[in-house]
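The next block holds one structure in the form of structure tokens; read it before the comments.
Which chain is which? They are A, B, C, D, E and F, in the order written, and residues in each are numbered from 1.
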Amino acid sequence: MRPSGRKPDQPRNITLTRNFTRHAEGSVLVEFGDTRVICTASVENRVPPFLRGEGRGWITAEYGMLPRSTGSRMGREAARGKQGGRTVEIQRLIGRSLRAAVDLEALGEHTITIDCDVIQADGGTRTAAITGGCVALVDALNFLVKEGRLKTSPLKQMVAAVSVGIYRGTPVVDLDYPEDSEAETDMNVIMTDQGGFIEIQGTAEGVPFVQDELDGMLTLAKQGIDRLFAIQKDALGG
Amino acid sequence: MRPSGRKPDQPRNITLTRNFTRHAEGSVLVEFGDTRVICTASVENRVPPFLRGEGRGWITAEYGMLPRSTGSRMGREAARGKQGGRTVEIQRLIGRSLRAAVDLEALGEHTITIDCDVIQADGGTRTAAITGGCVALVDALNFLVKEGRLKTSPLKQMVAAVSVGIYRGTPVVDLDYPEDSEAETDMNVIMTDQGGFIEIQGTAEGVPFVQDELDGMLTLAKQGIDRLFAIQKDALGG
Amino acid sequence: MRPSGRKPDQPRNITLTRNFTRHAEGSVLVEFGDTRVICTASVENRVPPFLRGEGRGWITAEYGMLPRSTGSRMGREAARGKQGGRTVEIQRLIGRSLRAAVDLEALGEHTITIDCDVIQADGGTRTAAITGGCVALVDALNFLVKEGRLKTSPLKQMVAAVSVGIYRGTPVVDLDYPEDSEAETDMNVIMTDQGGFIEIQGTAEGVPFVQDELDGMLTLAKQGIDRLFAIQKDALGG
Amino acid sequence: MRPSGRKPDQPRNITLTRNFTRHAEGSVLVEFGDTRVICTASVENRVPPFLRGEGRGWITAEYGMLPRSTGSRMGREAARGKQGGRTVEIQRLIGRSLRAAVDLEALGEHTITIDCDVIQADGGTRTAAITGGCVALVDALNFLVKEGRLKTSPLKQMVAAVSVGIYRGTPVVDLDYPEDSEAETDMNVIMTDQGGFIEIQGTAEGVPFVQDELDGMLTLAKQGIDRLFAIQKDALGG
Amino acid sequence: MRPSGRKPDQPRNITLTRNFTRHAEGSVLVEFGDTRVICTASVENRVPPFLRGEGRGWITAEYGMLPRSTGSRMGREAARGKQGGRTVEIQRLIGRSLRAAVDLEALGEHTITIDCDVIQADGGTRTAAITGGCVALVDALNFLVKEGRLKTSPLKQMVAAVSVGIYRGTPVVDLDYPEDSEAETDMNVIMTDQGGFIEIQGTAEGVPFVQDELDGMLTLAKQGIDRLFAIQKDALGG
Amino acid sequence: MRPSGRKPDQPRNITLTRNFTRHAEGSVLVEFGDTRVICTASVENRVPPFLRGEGRGWITAEYGMLPRSTGSRMGREAARGKQGGRTVEIQRLIGRSLRAAVDLEALGEHTITIDCDVIQADGGTRTAAITGGCVALVDALNFLVKEGRLKTSPLKQMVAAVSVGIYRGTPVVDLDYPEDSEAETDMNVIMTDQGGFIEIQGTAEGVPFVQDELDGMLTLAKQGIDRLFAIQKDALGG
């Protein structure tokens, strides 16, 4: 029995609210249950130094948590003067994942920065960020088309992510914080809507996991992500 | 004529939403028109080193803006490795102002940190943060009473803040961004609900201001703040 | 009775020594009683990135205290690797105030940096820095004229600053450290020699202050600043 | 055909040289072909703050590259004042992986730090570091036993790691730099000598990968890691 | 012919002004010609962590230059967020040199920090800092005796420093900036008043120097330092 | 009697291994007994900002120690976010010394960075780094010739360094760690193969040293360095 009463293959209630704030070219509030993340996509007419003059664009991501998004207050990274290792790891994962959604050649010399800021955390913030960030990214790409800066959207495919894990011996999908902190194995799976894997990160927290468990988790992940693609599609107006 | 069509003495639509997030002891979404700030109050059972062993408590504040809370994306302070001068100046103002609301002796050896994170900016973020932060602070103080850690709330008085300025020669209250960026003088006024001033910060942006203009702005500020105290009172359940 | 025996409207002994060091285009030692600050003005033939190509100049300020300018040694900010919040707040105030003295269009693409380094502190370092920094600034502007880089000085007006406060219930001018650390209210007033306000920053340290007290402090401030303008004029040979 | 002429399931020449330097409790030079990493294990009689008083030990890792371990010189992280995102990500992975080798309760209040410093890079530095670091860790645990600070070694199982990938459509094991920079998919697999997975990190660099490719890579990884366990066993004297 | 018209063995005009500022336990303005350095000595009742509980004291030094102590403005180290390499090198030299003056066992668990802040630079700031810093140190040691915290001063010997160099082929003493920037060799010599060397740092700027030149410089240095000891003695009322 | 059994004028066993790693233009492992330092020379086709457009080249150096190159583990400078004072001092010395070996005009607009990374420390790391770094530098200069980027090598002279000291009253050469930590005086001498001094840095650790001791140390240093030049010559193939 999961603490929330959910079935093993049952994700939390998931919502995507577009145009959540007004300044960004894409702005989405994503909620995976009590996990709430603001994802904004910002367009700039330039690329980082390592890409200058190559005619290609770039997608990057930054991640942060409000100090009191968690059960006890975390020190503010801006005040401590550096981003922690977990933050760096997560924002690199989000950036890599979302780059897979876009044809960077077709994007031209634009940079799109996806900012993912957690306002309330209850497990799965990185998978929520990728799933919501992809919708913000689509809005930003469409903005470029609408503004006449691109002829067609360089979107190649949708990308979404979900966590799976082994909780008390059973594979489960979309772990919340009480499950996450107790799970033997925790795995984040990022896929495209055409069925390929973008990234798999599975970590045994205590006992190593075996091939059967891996297979079980991947099966749940694929089902869960299919549902996320439907929710993204709904949010984007079908 | 103000860009928003408001009268000189007319503040924006102001709302305070308590319990906006679930982890903090106090959590308030404050909206001054399109300016939206999440204010959380976090209680800790210890005080900073300079107060240890003195039996008194401490109130402090931190301020941040999401990178895309503004018209163009600002670099994330955590990524740049330091808080900017404006951030430091604002969070020190919020901390000083809210300390005036509480009897620090009666608070005992607790620290309450008010985090003010701007998710959408349209002028007046610091006055919104003080006004909303005070309500989050009240909730945190009441939490300490409910938990039995304090017998009565050490709240001395409510504190609220509003901006006033000289816009095209006329004193106006609660400036939004289009007014703020053009105003000749900008002044932030922080008061108590017993009618005293906590802090006055008036800055001439171009032409110096004179005593008459100062008097006109202070009159508007007092009226505007009275309205804020009513809204705070409503939010706290009358 | 004030600790120093001064009358409420009596500033400390104030001196301005020009050409205090030999390298800077303007160099002034300002003394407000035992408070001693070295103010230098340095001219550069370029402007910060945000102003490039606009034909306008810039005035900025930096502030520091020698580690043992105070009663107990403060850690050196260069060794700690960052400027503290109070330092940042003060140097922003000095910069804003002195920009009001100059026609930045007429200054052309020059930057003048005012460095204010406190070698001995006894209260009122920021008001001393503004008052002395304005004289160093005048010298630097005259240097530009003398060198033939500007036809006439772009000085618009002199700027000076004084602190006022409520000490044991009475408004007083130009607080020294023993008064400052005990005052109920502390206010810094920056004005032009044409009678306008550049900036007012008043802070209640304990009890809030009321309109009558504000009026009393402003009256003292105006008198005190008039005297500062006379001292500046004398120093400039005038 | 692989650039090195190796068969798809053929790892590079792998050597482990124990006692490579003389000060550390464990010191191993690990070579995966031209990739050379110095792994040292350092024992301290204390644990990080978050573990104090719990009677458990801790294993942590740090990773660095000499500036000219690579084809073009990289800026020294110590000179730039921060560790890059890739460094942080890798050292967190090494630490997590090696913690799985040890019974932290049985280790008692000791910290073992595994420093992995790359002196020559040719792909696969993180898998070399984990594989060599585990041997340095074993030596450090045996040191604690020899010194009488522990009765028996708290080693639970050996841990080793290898990279696999899809190179020009074919799964291959232990990628060198020319393969790594061109591979469609890159996956790091960390396993125990009892056959369980500690961590799987697979990333599609261009085209997403599918279940069949994943299965192919995992099969190669298991074979490759078995060979690593044999080499570790040899190095440790059988 | 030296630019200043001095003879090769003629130091600049040297003055030591005690009690230059009022807060520090020792405060000396040292002038070597146009080089002016404020040296303060601050006493604390504790020692750095590496000395705790050993019953010995510590002498340390910090060095800084006001941004416009030099011909063109240098960036403020506090604003840049780190001390430069030259600053670090100099303050370590000052600290080592002045530790030689004191019996650290007899000092007991006190730390004395010598802050050397250059307000005007014209060559030889480090030798001026050592020479003036030693006098400030003596005053701080006498303060400890006067306060009854030590029975007798733990001063072992006076320490002073002078620069020598090869300027246009001739050894000269106490180089000013025009000489220093052109000299072939620059050497700083730190000695005790009992005739021993504390530190010798000689650097060839262009052409290497030979034994004869070294001997010539050391002869000048010894003469020059004898004069400094006389000036120190005078200043101390001796 | 020296702890190692060496005679006073006997250096340790010294070896220079060229081409130690494969990516750098020069790569040397230098061993002074148990002290082992990897020195790489990296060529770049640009110069630092202060030299741009002047047609001259630049030689610079960076120094680091692996955390467990020493008896107890030192914190990693990259993780602490800054290079320590000793590191800064040493790398500036190496850079100054090696610049003396090269005709910077003839080098043209190239920068050569010498990275000296200590993998095992037993005293004398800075003298080993200079001696080995000079050989790496020669290889890098020859690389520029071989590549046709320079017509002839801009090498002016070889540079080498050795430490000398007063150990239990007797001058000795090439101190190892047990001697170094006990020596009364420690001096680093850097010379050219034409017999001139590049730098002399002598420091009394306890008792000041006198002219006779200085002379004795310099005599030993000259002999020791002559031997180093022979070893460099051998390594470079005669």
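FYI, a contact is a pair of C-beta atoms (placed from the backbone, for glycine too) under 8 Å apart; a residue touches a chain by one contact, two chains touch by 3 or more.
The chain list, named the UniProt way, goes like this: A, B, C, D, E, F = Ribonuclease PH.
Please read all numbers here as calculations on a predicted model, not as lab measurements.
How big is the gap, in whole Å, between where the Cα atoms of chain B centre and where those of chain C centre?
28
Where the centres are mean C-alpha positions, what is the separation of chain A from chain F, in Å?
Distance between chain centres, rounded to whole Å: 50 Å.
On a C-alpha centroid basis, what's the spacing between chain A and chain B, in Å?
33
What positions in chain B touch 2 or more of the other chains?
Answer for chain B, listing residues that touch two or more other chains: 81-82.
Quick one: do these chains touch in a line, a ring, a star, all-to-all (complete), or other?
Shape = ring; chains linked end to end, path closes on itself.
Beginning at chain D, go round the ring through chain F first and name each chain as you reach it.
Here the ring, read from chain D toward chain F, comes out as D, F, E, C, B, A.
Enumerate the contact residues on chain D facing chain A in the complex.
82, 85-86, 88-89, 91-92, 96, 100, 187, 191-192, 194-204, 207-211, 214, 218
Which positions of chain A touch chain B when the two form their complex?
21-24, 27, 34, 36, 38, 40, 42, 44, 62, 64, 66-73, 76-79, 81-83, 87, 113, 115, 117, 119-121
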